[in-house]
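In the two assemblies presented below, subunit A is common to both, partnered first by subunit B and then by subunit C.
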Partner chain A sequence: MIAYLSNIATLAAIFGLLAATLNFMVGQAGIFSVAHAVFMGLGAYSGAQVALLLVPDPFLACLAAAVVAGGLSLCLALPALRVRGEYFVAASLGLQMMAVTLFTEAKGLTGGMGGLVGIPQPRIFGVVVPVLPLALVALVVFLLLMAAMQRGSFGRTLGAIRDAESAAEALGKNVAVAKALAVAFSAAGAGVAGALFALHLSFVNVESFTLEQSVLIMAMLIVGGTGTLLGPILGAVLLLSLPAALSFITFIPPTDIGSVQQIIYGGAMALLMIFRPAGLLGDQKRGRSEA
Partner chain B sequence: MNSTRRLLLGSALAAPFARPSFAQSGDPYVIGTLFPMSGTNAEYGTVFTSGAQLAIQHIEADRMLRRPIRLQAEDTQALPQQAVVGMQKLVNVDHAAWTLVGFTAVSKAVAPIGDRAKTVMVNGGAVGPDLSGLSPYFWNVIPLAHLETRALLPFLTRERRVKRVALVYVDDPLGDAILSELRNELPRNGAELVGSFSIPRTAQQFGPVAARVRQARPDAVYIASFGAQQSQIIKGLRDNGVSTLLCSYSAMGLDSVRSLPEAEGLVFTAQKMDFSGGDELTKRFATDFQARFNRAPTIYNANYYNATRMFGLLAQGIEQAGGTVNGETMRAALLQRRRFDLVGGTGEFDDKGDMMAAIEVLEYRGGRAQRLAG
Partner chain C sequence: MIELQLLLGGLQNGALYALTAAGFALIFGATKVFHVAHGATFTLAGYVFIGAWNAGWHPALGVLAAMAAAVAFGIAMERLVYRPIGRHEGGFFTVFVAAFGVSIVVQNVIAMIAGRGFANVDSPLATATEVMPDLFLAPVFWISIVAAVAMFLALTIFLSRHPAGVALRALAQNADLLRAYGLSSGKLSVLAFALGSVLAAPAAILTAMTSGINEAIGNHVMLISMAATIVGGVGSLRGAALAGLLLGVAESVVLVFLDTQWAEGASFMVLFAFILFRPSGMFGAAVAR
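Showing the complex of A and B:
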C-alpha cells in the first residue's frame, strides 16, 4: 500500500509542479496556454536521453530538461507572444498539435510512437533514489522561486501586464521580454517535471504529451484556483487522487468500471465548479457569473 | 454525540473502499486487468474482459484451484500514465498474482513495474513486434503482427493473384514492422509494394489517402491500424472509390468492423480457431461464451480466455507440487512445461514467453468471418 501511495504522491508532486508553473503563466502573467504538455514532453525526452545515453543522474537530467524546455520556449514565445488573450490560446493550440507530430516523427530522439523504453532509475552517487523526494524538492524550489518573484518587481510587472497590457507598455515596461521570460521560466519548470515523469515511469511516449494532457493540467489549475500559490497543487492532488480512490470501489462490475468512474469523476468536477467557481482556493468573487 | 455520528458516517462512506491488507491462504487469487474501460478504445476493454471472465468461470467450475479467483479491473484508457497507477495498485495493494494487459504503450509502461515486482503480465491484444522480450515476466499469447503478415502473403499472391500491394499504416512500431515485412516478403512471393501511406494515430479523414492509393493502382490494400480508426479507414477508402481487395491482420476481428457494410470481402489473418469444429475445449468455450454473453466469440475473447486459463493451468501444477503461486514459480513452470492445451489448439511458448500458434486467413462475408485458408 505504501508503494502505491508513494506512486500517487510522486505523480501528484510532478503534476503539482506542472500546474504551479502553468499558474505562473496564466495566473501571474495572464498568458493562457494549452500547450504546457509540450514543454513537459521536451523535458521528458531530454531527461530520458540523458539517463539512457549518459548517466541516470536526476540533477543532470533535470538541468538538461530545464535548459531544453526553457530555451525552446523562448524561441517559440517571442513570435507567438505578439498576439494576446484568446489569440494566444489558438497559437498555443497550434504549437501543441505541431509538437505532437514532431514527437511522433522525430524517432531518433523520441522513439516515435513506440517511445523510449528502459529508462534507468535515477541514481545519486551510484545509489538508486526514488523519484518522490526529488519531485517534492523540485516542487518546493519552484514554489519558493515563484513566491519570491511574485513579491519582486518582475512579479509586479507581470501583474500589470495581466491586468492592463497597454497601460503597462505605456508606463515603459518591456512587455515582450517580461512575457517571454515568464513563459521560459514556466516551461523550464514543466521540463523538470517532464524529466522526473520519465525517470519515474521508465517509459515515455507521445501519448503522455497530447492536448488531453495539457487540458488536464489546465483543469488542475482551474479546480485548485488560478493566481494562488497552493491552489494548483491542491488541484493536482484532487484530480489525480479522485480516480485512484474510485478504483477502490469494489461493487462495480469489471466491464462497467470505466464508465461509472468517469460519470462520478465528471459529476464531482461539475459540482465543484458550480459551488466553487473560482476553484478551491481561488477568490470566489472573481469566479461568479455577473449575469 | 457529534463525533459518534461522524465516525458512523465516515465508516459508512468508507465501507465500499475497505479491503483486507494482507492476503491469507484462503483469500482469492487476484487476476488484475489493465484494459481501456472508458474512452475511444473501451470496446476492446469489454471484449478482453469477457474472455477472462469466462475462463475464471470454467476454472472455478472445474475446481482447478484450491482458492477462488477475483478479477480486479483497472481502467487504463489505453494510456501509459493511468496504466502505471493501475499496475502499482494491482501489485502493491491487491497483490495480484497475474495481470492481463493490452495495447503497446500500456504494456511498455507497466513492464518495468511487473519486472521489479516479479508479477506476470500477459498480453493477448497488442501485436507490436517490440513487445517481445519486454521482461522475463511479460508474455504474449497472441502471435505478433509481423508473423501474421508473413502468413497472409502466400495466400494473397497464389490464391488471389495479387501482384501489387499498397499499404496504409499507422505511424507507430506496429505500422513500421508491417511496412518492413511487406518490403522484404512481397518480392519473395512474386509481388511488389507499390505505395506506402503513413497516417497519424488520430487521423479520421482518409479522402486524400484514398486518392493516392487509387493512383498507385494496387491489387490489394493492406491496412495496418487498430481501434476505432480501422472502421474509419475502411469506410474512407470505400467511400472514396477504392474498390480493390482490402486486407489486414487480427485487429479486424471486432464486431464494429464485422458489422460494417464496407468491410464485406475484407481478408484478414488471425490465430487459427475453429469454434464449431475444434477440440472439446474450444467447443466448450464457444458454447458457453454464446450462452453467457449472447454473442459469438471473437479471437480477442479467446486470447484473454487463454491468458487467464494459463494462470489456472500453471497455478494448478504449482499447488499440486506443494509450491507457492507467485511470478517466479509460474515463470519456472512455464519454461518447464512450454506446451498448453488452449482454445484453438496447443499453444507453445519460447524462451521469451511468446506463444507460437497457427495462423488462418479469414474473410468477412454477410457479416460473418469465413475461413479461407490455414
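Showing the complex of A and C:
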C-alpha cells in the first residue's frame, strides 16, 4: 500500500510539473501548445541515455534532459513566432505527430517501439534514492521559479505579449526573444519531468509520448485552471487518481476501463469549457475574456 | 509503374481529403469556429455506414443514414457546444479544448460499441482490376473522383446562386453587417455546420470501403482537414480542396522514397513549410499574425 501510494505521489509530482510548465506556456505566454509530451519524451530519452551510458546521477540526467528539450524547443518556438491562435495549435499538433514517428523510427536513440529498458535507479554519491523526493524538489523549484518570473519583468513582458502582442512590441519589448525563452523554459521543465519519469519507471517507450499524453497533460491544466499556480497540480492529482477510483467501480468490465477513463476525461474537458471555462481554481471573471 | 499507381492512389485519397477539408474550411470560414470535432463527424459517419451495411440495409439507405448522422452531429456540436461557449465569449482555446474533449468521447464510445481496430465493408466496388500492365484500379477510384467533383460543384453552385449560399458567404465576410440586414447568423451557422458535416460522409463511406476505418481515424482526418485549410488559405474553399488533394498525393508519392510510417509526416512537412514561409496559404489573403 505504501509502495502504491508513493508511486501515485511520484507520478502526481511528475505530471504536476508537466502541467505547471505547460501552464507557463499557455497561461503566461499565451502559446497554446498541444505538443508538451514531445518535450517530456525528449527529456525522458536523454535522461535515460545518460543513466544507461554514463552514470545514474539524477542531477546529470535532469540537466541533460533540460538542455536537450530546451534546445529542441526551437522547433516549437519558430512557428509560435510566425502564427498565433488556431494556426499555432495546428502546427504543434503536426509537430506532435512528427515526433511520434521520429521516436518510433530513431531506434538507435530511443529503442523504437520496444523502448529503453533497464534504466538504473538514480544514485546520489552512490546511494540509491527513490524518485519521489527528487520529483517533489523539482516541482517546488520550478514552481518557485515560475512564481518569481510571474512577478518579475520577464513574466510581465510575457503577460503583455499574451494580451496585446502589437502593443508590447510597440513598447520596445523583444517579442521574439521573450516567446522563444518562454517556450525553452517550459520545454526544459517538461524535459526534467520526462527524465524523472524515465528514472521512476526504469522503462520508457514511445507510447508515453503520444498525442494522448499531450492531451492528458492539457486536460490536467484545463481541469485545474490555466493561469493559476496550484491549479495544474490539483488537476494532475485529480486525473491521476481517476483510474484508481474507477477500479473500485465493479460493474465496468475491465476491458472497457481505458475507454471509460477517456470518456470521462473528454467529457470533463468539454463540460468544463462550456460551464466553467477558467477551470476549478481559475478566476472566473478573467477566464471569460481571455482563456 | 509503381509511381503511377501511387499517384493514382494519392489522387483517390486526395479527393476524399479534399471533400473533408472543404467541409472544415466552409465551417471555419463562415462561423470562425475551428471545428476540431470534424474528425469525429467523419468517424461517426463511417461507422454508421458500416453498421447499416452489417445490418443488411440497402447501401443507399446506409449512405443516407451516414449523412444524417454527420449532419445531426455537426448541428448538435454547434447548438450544444460552440454556441454556449460563444455566448460567454470564450476564446479559441476554450472552443478547441471542448471540441477535442467531445472527439475523445466519440472515439471511445465507438470503441466500446464497435470494438477497437480496423473495420470495413466488403464491397465488390473495391476490388481492383488491372486496367493497364501493372496498373490496378478499383471502381471506387472513379466513384471517389466523381463524388468529390460533383459535391464540390454542387457546393460552389449553391454558394454562388442560392440566396442561403450567398448569405453564408456574407456571414463569412461580415457577421455584424449580416445581422444589420436582418438575417439570422444563428440559423446560417447551423446551415454551415450541416453542409460542412455532410461533406465528410461520402469520404468516410468510401474510406470504409477501401482501406477501412478505425475508431482513432478521426484524429488523422482532423489533422489533414486542418492542414489543408491552412495550406489552402483560410477562407478559400477552393484552396482547401486543392490542398487536400495535394496532401493526399504527397502522402502517397512519398512512399516511392520512404516507408509507410512517414506518409503522415509528409503532410506535416508541407504544413510546417507553409506556416513558416507562407502562413496565409496558397489562396488566402495575408492574415494578421
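The criterion applied here is as follows: the second predicted complex is superposed on the first by the 252 of 291 C-alpha atoms of A that agree within 3 Å, B and C clash if a C-alpha of one lies under 4 Å from a C-alpha of the other, contacts with A are read in each partner's own complex, and residues count from 1 in each chain.
In the analysis below, contacts are C-beta pairs under 8 Å (C-beta built on N, C-alpha and C of every residue); 3 or more make two chains touch, one makes a residue touch a chain.
Small disclaimer: the values here were computed from a predicted structure and weren't measured.
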| item | value |
| --- | --- |
| First, second, both or neither for A:90, with subunit B first and subunit C second | second |
| Which of subunit B and subunit C A:177 touches, first, second, both or neither | neither |
| Contacts of A:140 with subunit B and subunit C, given as first, second, both or neither | neither |
| Which of subunit B and subunit C A:205 touches, first, second, both or neither | first |
| A:167 touches, of subunit B and subunit C: first, second, both or neither? | neither |
| Partner chain(s) touched by A:259 [first = subunit B, second = subunit C, both, neither] | both |
| Subunit B versus subunit C as contact partner of A:115, first or second or both or neither | first |
| Partner chain in contact with A:222 - subunit B first, subunit C second, else both or neither | second |
| Touching partner for A:251 - first (subunit B), second (subunit C), both, neither | first |
| Set of subunit A residues, in rising order, touched by both subunit B and subunit C | 101, 104-105, 256, 258-259, 262 |
| Touch list for subunit C against partner subunit A, complex | 28, 34, 81, 84-85, 88-105, 107-109, 111-112, 219, 223, 226-227, 230, 261-262, 264-265, 267-269, 271-272, 275-276, 279, 289 |
| Subunit C partner contacts - residues on subunit A that touch it in the complex | 26, 32, 78-79, 82-87, 89-91, 93-95, 97-98, 101, 104-105, 165, 211, 215, 218-219, 222, 256, 258-260, 262-263, 265-271, 273-274, 277, 288-291 |
| Interfacial residue positions of subunit A with respect to subunit B in the complex | 1-4, 7-8, 11, 101, 104-105, 112-115, 117-118, 201-205, 207-208, 243-245, 247-251, 254-259, 261-262 |
| Subunit B residues within the subunit A interface of the complex | 16-17, 19, 21, 33, 36-39, 42, 45-46, 49-50, 53, 71-75, 77, 79-82, 84-86, 88-89, 91-93, 104-105, 108-109, 111-112, 128, 130, 134, 170-173, 176, 200-201 |
